[in-house]
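Here's the structure we're looking at; comments come further down.
In this document, chain identifiers A, B, C, D, E and F correspond to the written order of the chains, with residue numbering beginning at 1 in each.
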Amino acid sequence: MNILIAALCGFLYFIGTSRLGYGLTQATGSPIFYGMILGLVYGDLEKGLIIGATIQLIYIGIIFTGGNMPADQSLAGIIAIPIALQTGMDVEVAVGLAVPFGILGIFIDQLRRISNSYWISKAEKYAEVMDSKKIFHCAITYPTIVIFLLTFVPVFAITLFGADAVTTVMNFLPQGIIDGFGVAGGLLPALGFAIIIMVIGKRDIMPYFFIGFFLVAYLGVSTMGAAAFGFCVAAIILFNSMKQNGQEAG
Amino acid sequence: MSLEEVKEQRVLTDKDLKKTYARWYLSVEVSNSYERLQALAFCNALSESLKKIYKDDEEGYKEALMRHLQFYNSEGTFGAVIHGVVLSMEEEKAKSKDESISEEVITGFKTGLMGPIAGIGDTLIWGTLKPIILALASSLALSGLFIGGLVPFLFPLAVILIGYGMLKSGYLLGKESVVKLMKSGLINNLINSASILGLFMMGALSSTYVKISTPLKFSFENSEPIVIQDILDQILVGILPIAAVFGIYFYFKLRGQYYNRLIMWLIVISLVTGFFGILQGS
Amino acid sequence: MNILIAALCGFLYFIGTSRLGYGLTQATGSPIFYGMILGLVYGDLEKGLIIGATIQLIYIGIIFTGGNMPADQSLAGIIAIPIALQTGMDVEVAVGLAVPFGILGIFIDQLRRISNSYWISKAEKYAEVMDSKKIFHCAITYPTIVIFLLTFVPVFAITLFGADAVTTVMNFLPQGIIDGFGVAGGLLPALGFAIIIMVIGKRDIMPYFFIGFFLVAYLGVSTMGAAAFGFCVAAIILFNSMKQNGQEAG
Amino acid sequence: MSLEEVKEQRVLTDKDLKKTYARWYLSVEVSNSYERLQALAFCNALSESLKKIYKDDEEGYKEALMRHLQFYNSEGTFGAVIHGVVLSMEEEKAKSKDESISEEVITGFKTGLMGPIAGIGDTLIWGTLKPIILALASSLALSGLFIGGLVPFLFPLAVILIGYGMLKSGYLLGKESVVKLMKSGLINNLINSASILGLFMMGALSSTYVKISTPLKFSFENSEPIVIQDILDQILVGILPIAAVFGIYFYFKLRGQYYNRLIMWLIVISLVTGFFGILQGS
Amino acid sequence: MNILIAALCGFLYFIGTSRLGYGLTQATGSPIFYGMILGLVYGDLEKGLIIGATIQLIYIGIIFTGGNMPADQSLAGIIAIPIALQTGMDVEVAVGLAVPFGILGIFIDQLRRISNSYWISKAEKYAEVMDSKKIFHCAITYPTIVIFLLTFVPVFAITLFGADAVTTVMNFLPQGIIDGFGVAGGLLPALGFAIIIMVIGKRDIMPYFFIGFFLVAYLGVSTMGAAAFGFCVAAIILFNSMKQNGQEAG
Amino acid sequence: MSLEEVKEQRVLTDKDLKKTYARWYLSVEVSNSYERLQALAFCNALSESLKKIYKDDEEGYKEALMRHLQFYNSEGTFGAVIHGVVLSMEEEKAKSKDESISEEVITGFKTGLMGPIAGIGDTLIWGTLKPIILALASSLALSGLFIGGLVPFLFPLAVILIGYGMLKSGYLLGKESVVKLMKSGLINNLINSASILGLFMMGALSSTYVKISTPLKFSFENSEPIVIQDILDQILVGILPIAAVFGIYFYFKLRGQYYNRLIMWLIVISLVTGFFGILQGS
């Protein structure tokens, strides 16, 4: 693969996992965002977006409770998308390729958090001499340099050499396996949704899940349409409960 | 005492608060370590404001810096209310100088509230707002609209606006009002409605994006083949996707959230069922 | 008609009205069940099921309050289904044929309940001598023998000779009458639903009837789909009212 | 006292209860007579258990058998809770032997509760559960799926499970708790929700299966004919089926539930309107 | 235009603005009603109804709070409909023509109310002599004569000569302007609906507006269908709130 | 005291009440003037009944006529309850002749209630019932069904029935019960549900009848043109009509309800955007 593109991928992965800006890396590190950028680069915006969104859905439910990363959507995306665009891989197979990297990325994050222990001990020293500038560097500058090294280098390497390896493998993939990846592509998003149900699904509001489900299943409403109805229903319930609690609706 | 009056008595200006929030927003997770999590980010966020608060009191400033390097972890958006309140407490401490507000009170407040607020924020911001925005983004992207790649940025935007609002009201309203708000039903109502919206969307999304069906058919002589998927659709449209979502859900419930182990299992199951034509991905 | 089939019908009617197993005869005596069995026998499963279900819908609302049988869906089914399958009768005409038998069956049930008075007086005697085995026979064995005679014999006879008679009649039916039966087939299910509204329809929940109605009328949802939505709505209301009453949601 | 402890103090084992329920389940309506309705079935159900309870007390056993041949009628499923409670009362009576629990108390309990519980059971089991299951069965059958012929068996299955649960909890929890439950709002909430579901389904089913329309048309010169059904559909889709259902409903309300008289009338009306082309069946 | 038709229009406008019968002139003065009558007269019932209904929608939200007329739907209708039917004008252009007259009509109503001050002073005199018949005339007869003059004459004149003038103008209308009127025809009904939201739209029930909106937008329900659902939902809410307040549901 | 008994003690018969209502119904707005609004209609409505009430008491009659020529304005339908109560008060005044019911009490009642009742009536009758009926009429008319031209007459019909009911119950139940009713929650519940129905319908109607879209397209080389309306539909179907309705709504909120100024603006905007192909009407 082109060295420039490999560098771009390394850079995108760095940006998307740098954690600069709380929640910002949910956007800059989203497989959809990667898909858009790389789709433009490869001249197939639509396919880029579709692969990105398909990967995104698998990880849509992820929450970093206590700072722990359960899986790394950014690494999954930044490896699979360019290779798929380059080799003309099916979307489903690309997703199959993405998943193992989603796991590998966790280790990178663990290295990062281990190394961060060093900076906090440094920061304590600077606190004693009230050097707030140095504290700033400990909090932002130094960890960012570390994460750059941890992220840019491996992704640069893999994307530079990965496509050829993958193309070779793909020529030998039997149709049955490709069908299997097709199932995976359809099945894995269930994971993302199940995780969210774990977090927000108390029993007495579970019926709303099914109403949403059947609204699409039986009435063919689009997701945006469902969102519109969902907002209205949630607003009614909120206003009602506020009225009952005698709170001001503000 | 009106809010305007409160504001006038305060040391920090809106600009100071904005800077504090910017420092926080930028660094929340950057320095996150297993040992103290967001401690360094917390201290870094407050450092300049503390300098202004403890103007001539070097010792006080130093102690404050050290104090806020202690273990801290909460959800970054809603958690910013803690920063606000802490600043107002530090200010009071700096002013009164006696022990009316001791170090323990401040630290106690921080550690007491960071847990509950993390729960609220993780549910509302990360468990509801984030997946909804990403779901909208996905659905636009899957239609090939490039705006889908930009929609995720609505999430950090919302985080910035809500977080700064939190910090500012924490600073102006102080400790009591935050505790009061936590006790009022409002937050529970909010969580409840947000969860309802979230679940509703997850239902719609499951129905749209979990795409598995069975290609199984049974053929008998002299009659049309029995298409299993047709029978399933007669019974309940989407029965397989529902089974998938709740299969995973109960796996997690019963076996614990071993995310990556499960993901591997799912791929194995997919390959096997796909290979033998039991399931298909659409 | 084949003597074996006539015997089968007699037997099915006996099983379906024996009352062995509380609520079980709602299944074994359901016109749908009859339709399935007889459809298989006559090699036209689909038609059997459709006639059965159409008859079932007429009687769907029946409740045996105080043990009284308002109409006998089993007799209606067991007479009309085999004759229709044999003679190739329209579904609607079959329904028209079924209805009078649905009334006749009431008398069979009344005979049964009258005769049962005998067994209770017997049972009292056995109670005095504490012979629980004989009480069992009074409660189950003897009444079952009686009901067998009351049900098997007439149905065997009618199904054996009925088809020919019906075929003769049918050849003379003008189209206008057949149209009329068509209306009856479409109208009679209304009876079943109206009865249930009588039982469960308090005024303040009547709007749900109409929501269900219009969900199908305007949005074309299938009955199963409507059931899915209905379950969700009912669950929400149940959980809500339990919460308000401060009951544990269990 | 925990449930486990209660259980240990009791004479009847789970097996005994299961047998009792089986005898009941099998015979509820078989011996139903105009005179005493379910009395014989009630006595038959309890006979073996009573034998065990009154082990050596012949007189007591005999009296108990006679006692339970008295008039009894309730809904068989929910009503099984009465059997359970009665067994626990008989047990107490057998144990204490004094008159702390007299014959009158037991009979009073039975006759006092059989009415209200019949109301609950007739609504929930026969008025809601049964038609919903049969409706699903019908709808599958009408699509030609043979599974429709088996779905009705879900109804006796549900009856068995609920009924046995009732009997068992009646036996273990005893009189007070049943009375308490009856007074709590839970049952009303249940009936309310079940009725809502039932009505909802009846609406959907009416819309699907009441199939009448009018073929009437009026033609004028130089213009398209006016199709009455089109106008009706513009006003309200399904207006004729609704009229049919509520016509019947109000007939019953005003004239009493003469089921078979009405059925005959409906057939006459159908034949006449069908013959003259006023209505058609689809 | 035919003098008879012009007289009919004058008369219709008089009837529709006479205020005889409280709320009755919402029917007799409705552009839909005018559209029906004039459609019959011109032999194009459908077009008459469509123009009438389109104009009606613009003014659907109007409320005469304190007796003040914010716009005159009747004048808008009675001018635009006959001219459109006569000249074969597009519906949208007809709406564009109607709107200015909707404003002009206000002045007629103001004249009417000013003149009515005279009759109340008269009535006081009659009250002193207890002449209830004369009071009746002051309340009804005299104002009706005045309104007849105020309404019949101008409409008669305009409709008599208007069509020709309009035809002349129309021949010069460029397509761009006609497109613009098309936009107006689609946009103006928003005015009617916005006004009603002003009156009845408290914040905590606003979600119902959107549910209604999206029911049509995403599920294609007709307005009648939406009305059916809306009635059910409103009834549920009414019964619920009555139950909670412990009121009798009567 | 039952309603029947009340009725017997009363001077006015049903026929009198009907006549009173007819006089009112006919004239409510006919004589409406800037100065006293519905005063003349009020007096005219009551005049004959007052004559009967003050049979031989000329002076009383005259005073009553004068009294009811004072300023009065309320919503005509619900407001009829005031007429009823006033008649019952006049009757009491005529009977007792002492000052137990003074002129001030009657006038006070009228002026006290006419405001609140106008609010109720304007919301329910004019803000909800009227637009719903006219909307149904419009939708039938737009389908070319001539019945659409007659549906508006349902509105005066409803007004007559409700209004007469109001007058009659006002007369029979008297002052206290009206005040009581106003204070009970019932009216608020009614307004609330009616408003919900109204809003729901306005939503459905906006979606059906506000018909604007954009014909804008952007073409690039070698690729399909980007159709802006398609993207908007992906985001939210009906986004332009919603924007139109709420644009107008907020214009009114912020600038005041200058109906006709806005209508002119809307036409100008339509012409410009239509001319330049930015919007189209469908």
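Operating definition for what follows: contacts are C-beta pairs under 8 Å (C-beta built on N, C-alpha and C of every residue); 3 or more make two chains touch, one makes a residue touch a chain.
None of these values were measured; they are calculated from a predicted model.
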{"item": "Which of C-D and B-D has more C-beta pairs touching across its chains", "value": "C-D"}
{"item": "Shared interface numbering between chain E and chain A [over half = same, under half = different]", "value": "different"}
{"item": "Inter-chain centre distance, chain B versus chain E - centres from mean C-alpha coordinates, in Å", "value": "53"}
{"item": "Whole-Å gap separating chain C and chain E, where each centre is the average of the chain's CA atoms", "value": "57"}
{"item": "Chain B, residues touching no fewer than two other chains", "value": "145, 234-235, 237"}
{"item": "Chain A residues counted as touching two or more neighbouring chains", "value": "205-206, 208, 210-211, 214, 217-219, 221-222, 224-225, 228-229, 231, 233, 235, 242"}
{"item": "Chain pairs in mutual contact under the definition given at the outset", "value": "A-B, A-C, A-E, A-F, B-C, B-D, B-F, C-D, C-E, D-E, D-F, E-F"}
{"item": "Partner chain A, residues of chain C touching it in the complex", "value": "219, 221-222, 225, 228-229, 231-233, 235-236, 239-240, 242-243, 249"}
{"item": "Residues of chain D touching chain C in the complex", "value": "23-41, 43-44, 47-48, 51, 58, 61-62, 65-66, 69, 73, 76-77, 122-123, 125-128, 130-132, 134-139, 141-142, 144-146, 148-153, 155-156, 159, 163, 184-186, 189-190, 192-212, 237-238, 241-242, 244-249, 252-253, 257, 259-260, 262-264, 266-267, 269-277, 279-282"}
{"item": "Touch list for chain E against partner chain F, complex", "value": "18-24, 26-27, 30, 32-33, 35-37, 39-40, 45-46, 49-50, 52-54, 56-58, 60-61, 63-67, 70-71, 92, 96, 99, 102-103, 106, 113-114, 116-117, 119-120, 123-124, 127-128, 130, 132, 135-136, 138-140, 143-144, 147, 176-177, 179-202, 205-206, 208-218, 221-224, 226-227, 229-231, 233-235, 237-238, 241-242, 245, 247"}
{"item": "In the complex with chain F, residue positions of chain B that touch it", "value": "140, 143, 145, 147"}
{"item": "Residues of chain D that touch chain E when the two form their complex", "value": "234-237"}
